[in-house]
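Right after this note come the structures.
Heads up, the next two complexes both have chain A, just with different partners, chain B and then chain C.
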Partner chain A sequence: MKTNRAVRTPGGLSVRLDVRALVVVLLLLLAAFGASVLLIGTGDFPISAGDVVRTLLGGGDPGQDFIVNELRLPRVLVALLVGACLGLGGALFQAVSRNPLGSPDILGLGQGATAGALTVIVLFSGSANQVTAGALVGGLVTGLAIYLLAWKQGVHGYRLVLVGIGMSAILTAVNGYLLTVSDIVDAARSVVWMTGSLSGRDWEQVWPLLALCAVLVPLVLGNARALRMMEMGDDVAGALGVRVERVRALLMVSAVLLTATATAAAGPVSFVALTAPQLARRLTRSPGPNLLPSLCMGATLLVVADWSSQRLFGADQMPVGVVTGVVGGVYLLWLLVSERRAGRI
Partner chain B sequence: MLVDSPPEQRAESVPAPPTRRAIRSFGLLASAGILLLVALASIAIGAKDLSLAQVWHGLFQDSGTYSDVVVDDRISRTALGLLAGAALGLAGAVLQALTRNPLADPGLLGINAGASAAVVTAISFLGVTSMSGYIWFAFFGAAAVGALVWFLGGSRGATPVRLALAGTAISAALYGYLQAVMISDDAALGRMRFWTVGSLSAATGSTIKQVLPFLVLGMLLALALARPLNAMAMGDDTAKALGAHLNRTRALSMLAATVLCGAATAACGPIVFVGLMVPHVVRSFTGPDLRWILPYSAVLSPVLLLGADVIGRIVARPAEVQVGIITAIIGGPVFILLVRRRRTAQL
Partner chain C sequence: MSGTAKKNTKRSTVNRLSAENVTLAYDQRVIAEQLSVEIPDNSFTVIVGPNACGKSTLLRALSRMLRPSRGRVLLDGQAIQSMPAKKVARTLGLLPQSSVAPDGITVGDLVGRGRYPHQGILRQWSTEDERVVQESMRQTGVAELADRYVDELSGGQRQRVWIAMALAQQTPLLLLDEPTTYLDIQHQIDVLDLCAELHETQGRTLVAVLHDLNHAARYATHLIALKGGRVIAEGAPNDIVTAELVEEVFGLRCQIIEDPETGTPLVVPAARKARTAAR
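And now, the complex of A and B:
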């Protein structure tokens, strides 16, 4: 199949279409929608897929309407948005660090958000909203610190990864300390938060995520072309007219914002940011940063993972982070082995 | 033959002004003196204020009074700190030489995560509750993950980044498992949150006896590897030409490092960055010769570990901050500084 096609208009404008990537995006959106309908229908009060769709379109009875639109829809929307943010943020980090393992999980952003959240939980016994704010602040400060510490006449990929590894070790120690000084109730609450969970999310969490995505997604996608040039190396990209450090700073800030907000909403759900871009890349078979496919893949992954955790362990028994952690860990090992066999790392 | 007659021995026959060797030997003695002072501080300073006379009484005229018992506790704690510190320092130095990677550290290589995963399994599924029961599980977990990282990351020519990434990946996967267990089992959470930060406070005579044979064996093996590792530092081809057995040296080094870290982690829980920092600092004044790096690391690492432990006892009186937390908080910034300074970051 010929994957690239140029579309020309009579006025002399032309745009290059990557047909395969477009098909992948459409299929992923379909999958995400399907999984969302299934997820809304799953729970203590099961609803059939047809009823879910009818209720979503405004035609259900009052009981179903309450369950679907007030209780379950916000949770699914949070899952979709968090997954999308993590997928996009992960793709940006991996493209900027030029390393398939340069994801926010490994760079310590998750640990930073955790440190913020744990501080609020353990030292102040804060409410859920305060925990969210603490996580947001922790994630943003960590992202900024890593960027500044890795800066040395520009940010180099491996230096970013290694500084991130050091940062995450310090923060892990801080989190370990907070866990040892807390009482067992706060410690249990902390561990659930640290795993990443979607239970009890409502419209309050949806709106900030949606607003952030509405601003950042177009901004990031608008810079995708420059990011693609930068994959050829900073010098070549510079020669082609890309302002390398400016684009990189802009994209890093966007990636940190996306990841930190997503983490604040659902906790540090592991591995979505790491695996979504890799899976998207394997589906589109395109070498570029694959931003839009990664975004859709992240959303799909998180909803499917939440649905599987509900089906496997029962409603709200296991946080979604456990499923993504175990599946992602196995995937990561497989990735390491196959990359090694191919001699790429 | 070249390997058997290093420059220092030839230099010795010439009567010369204080040679490098004399300076280094003196430095080693001085370091041992510092270690002695830190060890004494570790016995004298703690959450319970004791006068020097009471400490003296506890050390030499033990008659079972309350303060004598406190001193006894601190003695076993200090002994464990000495042993574990030396083990971590030696293991770090060997791993860094083996991988030719200044960033190699048992924590970064996933050995800690392996030990943690094995201990949480023992607590949650096998009902092991005693500290002495954890030791064997921790040891086994560390050994298994050490082997796995070695296999995944670089059995055919390890590169720094590859090993670090393999270790990080395996740690990440194991920590996922750790969290799943801790969420579903409150008792495991209660124990693990103290074990995973790394502490010397659980030291008893029997803990030390259990790990002592492994530590001694590992230390002797590590010190004996100085020469072949020196040869390997010149590159595989040169080392082969000099008569070194590459595979044997690599396998023995990995074995020594795993035994040392595994035993130390089993006794005190995961302690990061001691093995990374000390060999670095040592290398800056001994140069690349492992026959000096190894003994210096063995003497100076316990200085850091015991020093961090003493700090941890003072900062949050009457409670204690575990030594693993203090070493990470001191060690993390040093690691970042190294990454910024060295060319390794550009590999």
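And now, the complex of A and C:
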């Protein structure tokens, strides 16, 4: 209540603002921008932050312009968009399942997308675009399967998580099989894809992600208030006039689309979807799904992770998925321990 | 509003809320068939019956949480399932058994969420919302807890907060599913007193499912006794609560005496010896 401010107009319109959440969002955007500038400046041809900003704004010499706007900017934009999609998708999953573990990493969506991608690589030796399409289909099919298995009549507690763990076990086995039957070139390509990497991303990957976000983000945020009501249980939300089943189906389809598209673009970058909503929540200290802060947190996390992997290991030596995996894994362990202490597991 | 003209006319005209020949089922398990119930306007109706008699199921159907597989529930003459969800939510409130207080939410915030059906994307928090929330918290005696976290409260306080949230919805009809469960006797009476007050001073129509027959007989103005998905008896507690009815509905031999405090029927179960001898 303390940090909530209502802004009212004489015409009877009113908007409720959570000041703290707003500040968190602004700071995260600032951090994401700062990390992006640093990331663009990092590489075989280091460019100073001032030059990067000048070049982004249209100045700078042709050489810098090519490196910044053609080579590195698309990669950073893909990182930002993938992070944003994963953060928002994760927040949606966690809010709907009312469980911090109910996130796409645990549910096997990443493994599903991987299965789709590996099928294309190993069985059809497909092109990069075909691999992306395969990953997208794999993720969407997995999402649908989980929905059908776990979602009927609402999800409660760990049922979704258990179904998801089962799904990822099966899919991991499928992926293992595909790797063993593949030749060495395809296997190497598969393994790189499976770690989640941002290297070599260009404008072709940016546009579909941007288009998807432009449609889904407003749609999802428009349903944020209904989702907030659903936190209190389906019955309470229903009694307050939320069409629970409809909102849930809509948000789940959005979450699966966001996650599957992000995974198709950058590979299964692990744990961003799990950690971003939780970190955002700790910063805003506000109940509710924290959708916008989670989105910003996801974007920031991924850019920072990519920058640190380049800084620590050199340009394109270490896929970003390794960094998020290590950081996220530690976080997951901490979460399990603290949930256990709180008596929830 | 149409409600005022129909005051005290129990069955003669159409009441605001009723169930018409409804069949209620979860998946394939049928709980009640061809069940018809009228909720008299401005009454404090209490639904009683043994476990698994369908009382909570009936309440869920009346509050459109459960769609009848046959028949329909009528609210102000319209089938409730076909009405816009928010419109229903401005007329009929529900306090369900299963409610989850989100982590780290304050009392004021939780009560404020009751305003959802009155809000829209461009009308998120009006001065009216503010006023109603304050008033609801005052009526339920939780105003001084407004900035406290809901997880820190005792069971009795928490139930008051949930009732405050339902009040903030400002509905003429309020349905409560076992509002006294898990509370000790003092808080049970406390919650029921609050319900009676809401009914008497504000003329709200209340419908509650209660386990305790004596509480039901004391507080209800209209009692509905269910067994096996059928209405066995309904009416004012003084008119319908008899030893025969209790035996028929609950399978319990008992005496009915007059409650020395209120003059309502009081159920005194027969001594164990008398009951076992009869068997």
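In this text, the second predicted complex is superposed on the first by the 332 of 345 C-alpha atoms of A that agree within 3 Å, B and C clash if a C-alpha of one lies under 4 Å from a C-alpha of the other, contacts with A are read in each partner's own complex, and residues count from 1 in each chain.
As a convention for this text, a contact is a pair of C-beta atoms (placed from the backbone, for glycine too) under 8 Å apart; a residue touches a chain by one contact, two chains touch by 3 or more.
The shown structure was predicted, so the numbers you read here are calculated from the model rather than taken from an experiment.
Peer 1: Specify the outcome, clash or fit, for chain B and chain C once both structures are aligned onto chain A.
Peer 2: fit
Peer 1: Identify the partner contact of A:Met232: answer first if only chain B is touched, second if only chain C is, both if each is, neither if none is.
Peer 2: second
Peer 1: Going by the contact rule stated at the top, is it chain B or chain C that touches a larger number of residues on chain A?
Peer 2: B
Peer 1: Between chain B (first) and chain C (second), which, if any, makes contact with A:Phe45: first, second, both or neither?
Peer 2: neither
Peer 1: Quick check for you: in the superposed arrangement, does A:Arg16 touch first (chain B), second (chain C), both or neither?
Peer 2: Only chain C; A:Arg16 stays clear of chain B.
Peer 1: Could you tell me if A:Ala188 is touching chain B, chain C, both of them or neither one (first, second, both, neither)?
Peer 2: The answer is first: A:Ala188 touches chain B but not chain C.
Peer 1: Would you please give the vertex angle at the Cα centre of chain A, with arms pointing to the Cα centres of chain B and chain C, as a multiple of 10°?
Peer 2: 80
Peer 1: Once the shared chain is lined up, is A:Gly288 touching chain B (first), chain C (second), both, or neither of them?
Peer 2: Only chain C; A:Gly288 stays clear of chain B.
Peer 1: So, does A:Thr180 touch the first partner chain B, the second partner chain C, both, or neither?
Peer 2: first
Peer 1: Once chain A of both complexes is superposed, is A:Gly241 in touch with chain B (first), chain C (second), both, or neither?
Peer 2: Touch partner of A:Gly241: chain C, not chain B.
Peer 1: Minimum Cα separation, chain B versus chain C, post-superposition (Å)?
Peer 2: Minimum over all C-alpha pairs: 13 Å.
Peer 1: Both chain B and chain C touch chain A; at which residues?
Peer 2: none
Peer 1: Show which residues of chain B lie in contact with chain A when the two form their complex.
Peer 2: Contact set of chain B toward chain A: 103, 107-108, 152-153, 161-162, 164-166, 168-170, 172-177, 179-180, 182-184, 186, 189-190, 193-194, 196-197, 272-273, 319, 321-322, 324-325, 328-329, 331-333, 335-336, 339-340, 344-347.
Peer 1: Under the stated contact criterion, what part of chain C meets chain A in this complex?
Peer 2: So the residues of chain C touching chain A come out as 60, 63-65, 85-90, 93-106, 108-110, 112-114, 116-117, 119, 121-127, 130, 146-147, 166, 169.
Peer 1: Okay, in this complex, where on chain A does chain C touch?
Peer 2: That would be residues 1-2, 4, 6, 8, 12-16, 98, 222, 225, 228-229, 231-233, 235-236, 238-243, 285-288 of chain A.
Peer 1: Going by the contact rule at the top, pick out the chain A residues touching chain B in the complex.
Peer 2: Those residues of chain A that touch chain B are 101, 105-106, 149, 152, 156, 158-159, 162-163, 165-167, 169-170, 172-174, 176-177, 179-181, 184, 187-188, 191-192, 194-195, 270-271, 318-319, 321-322, 325-326, 328-330, 332-333, 335-337, 340, 345.
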